[in-house]
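Report on one structure; see the data block that follows.
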Amino acid sequence: MAKTERIGISLDRKLLSMFDGLIAQQGYQNRSEAIRDLIRRRLAEQELTKPDAKAVAGLFLVYNHHSTRLSQKLTDLQHNHLLQVVSSIHVHLDHENCLEIIILKGRVKDIEQISDKITSLKGIKLSRVNTLTTGEKLT
Amino acid sequence: MAKTERIGISLDRKLLSMFDGLIAQQGYQNRSEAIRDLIRRRLAEQELTKPDAKAVAGLFLVYNHHSTRLSQKLTDLQHNHLLQVVSSIHVHLDHENCLEIIILKGRVKDIEQISDKITSLKGIKLSRVNTLTTGEKLT
Amino acid sequence: MAKTERIGISLDRKLLSMFDGLIAQQGYQNRSEAIRDLIRRRLAEQELTKPDAKAVAGLFLVYNHHSTRLSQKLTDLQHNHLLQVVSSIHVHLDHENCLEIIILKGRVKDIEQISDKITSLKGIKLSRVNTLTTGEKLT
Amino acid sequence: MAKTERIGISLDRKLLSMFDGLIAQQGYQNRSEAIRDLIRRRLAEQELTKPDAKAVAGLFLVYNHHSTRLSQKLTDLQHNHLLQVVSSIHVHLDHENCLEIIILKGRVKDIEQISDKITSLKGIKLSRVNTLTTGEKLT
């Protein structure tokens, strides 16, 4: 069971008042929750700068679904030993385009490498990778 | 059926040679494909600066799955009239944390607004939104 | 004279310990200072999403200094009525390339517009704009 | 003297027409110039992923000019042996805040490290680093 600690911080009244305004607008119910989120986001950012950190990523691919051999290439990707394909979603965007989101787990550096390669596959119009820490260290 | 056009561009020999090196390393089979990708990426970037552009987004949420009432809030999100929840994936990260990826379709401005709000939900440790153009204009 | 307030926040012991580790490594002398920085950064981020917010920007231009007529164009820029050119630095990178950093003050939207245009000037190899809030609201 | 080469690329007519629209709006006078810019930007992006690449950076610091000892710290920074301080600009933002822009030359990894540290200096309200390749390889 997680143990909670209480700390005090001092800050300028005007800064506090602006922060209170922002978090009310975002729907936070109290400052502790909002500050915990800032801290977690900072730690997660820092974690992602380490090439060996474990991460989870969503690889977004927009492609023409008439493209041949793309599915074969995507299957090959799934046999890559350094990355584990956890799951994928296929979304029909219109009569010509599909969005495939492939969820990967692996080291930051291996995710970066694969995202660099995948964009060159013929038939892929757009690609983007979104990498997050696994959050396993964040409580 | 898409009509293809052929254009000529002139560029410095040294610049061309560096570009050839990069695209070979990325696995491109020819320059046309690599340049088309640069053009599509630039157009997509530009499209996303328009608040009313149609877009598709992946909302990534890492949360403690013991959190109560989160699923209720996420259901409420799905009843938001300005965004269409297309699909979602749920991934178990460890015995405490889950990753939920919610695929949304909507206007750029509505996606930005929801992503601003969602992060304040109690129990959510990290959130990130990844927005893409629907690609319907890109051929 | 700025009035300081003291607030209490509660957070998980493990999260606190990771945060303490990060800020020690960054050289912070206490948590209050580190948390104030997170808050200011969040407020500044938010401020920059408003098109009418006042901002200060550095426009970075790498160009071949043999290019004719570039300096004329840059002078024209300085006569733009919506942006105030505060200062500029000229740095010699090598025998061919210069870096010019132009410091601008203006509304966020006007800064974005100029940075979109400037990149197309003949002779400019790379351009980048870095926009900050003026900080006048941050204490 | 730079040697120019002419290459042909084929692309879909609709994609070309959208690209022509964008570059006209940005003020480009021909496609070659616009495509060269996309190529240079891509090469520069790639270059910045290498920790040992030579780069030039602008370190933006917003701070309260009443802060004591800040100038001492900034002087220390200039004695750092891995980074060369090329120049700096000081801008008065209002009666309380200053913007200092310090232009640095060095390796990508050394620039990242210094920007991580500088933000923790007492009195600094906001900091941001903007890193560019030196452009010496781009023609």
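Order as written gives the chain letters A, B, C and D; numbering starts at 1 within each chain.
Assume a contact is a pair of C-beta atoms (placed from the backbone, for glycine too) under 8 Å apart; a residue touches a chain by one contact, two chains touch by 3 or more.
In this text, all values refer to a predicted model and were calculated from it rather than measured experimentally.
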Chain centre separation in whole Å, for chain C relative to chain B (CA means): 25
Rounded Å distance, chain C centre to chain D centre (Cα mean): 10
Set of chain B residues in contact with two or more other chains: 40, 138-139
Chain contact topology (line, ring, star, complete or other): ring
Inter-chain touch pairs (all): A-B, A-C, B-D, C-D
Chain D to chain C touching residues, read off their complex: 23, 26-29, 33-34, 37, 40-41, 44, 56, 58, 60, 62, 86-87, 89, 91, 93-94, 96-97, 99, 101, 103, 116-117, 119-122, 124-126, 128, 130, 132-136, 138-139
Residue numbers on chain C that touch chain A, as the complex places them: 2-16, 18-19, 22, 31-32, 35-36, 38-40, 42-43, 46, 137-139
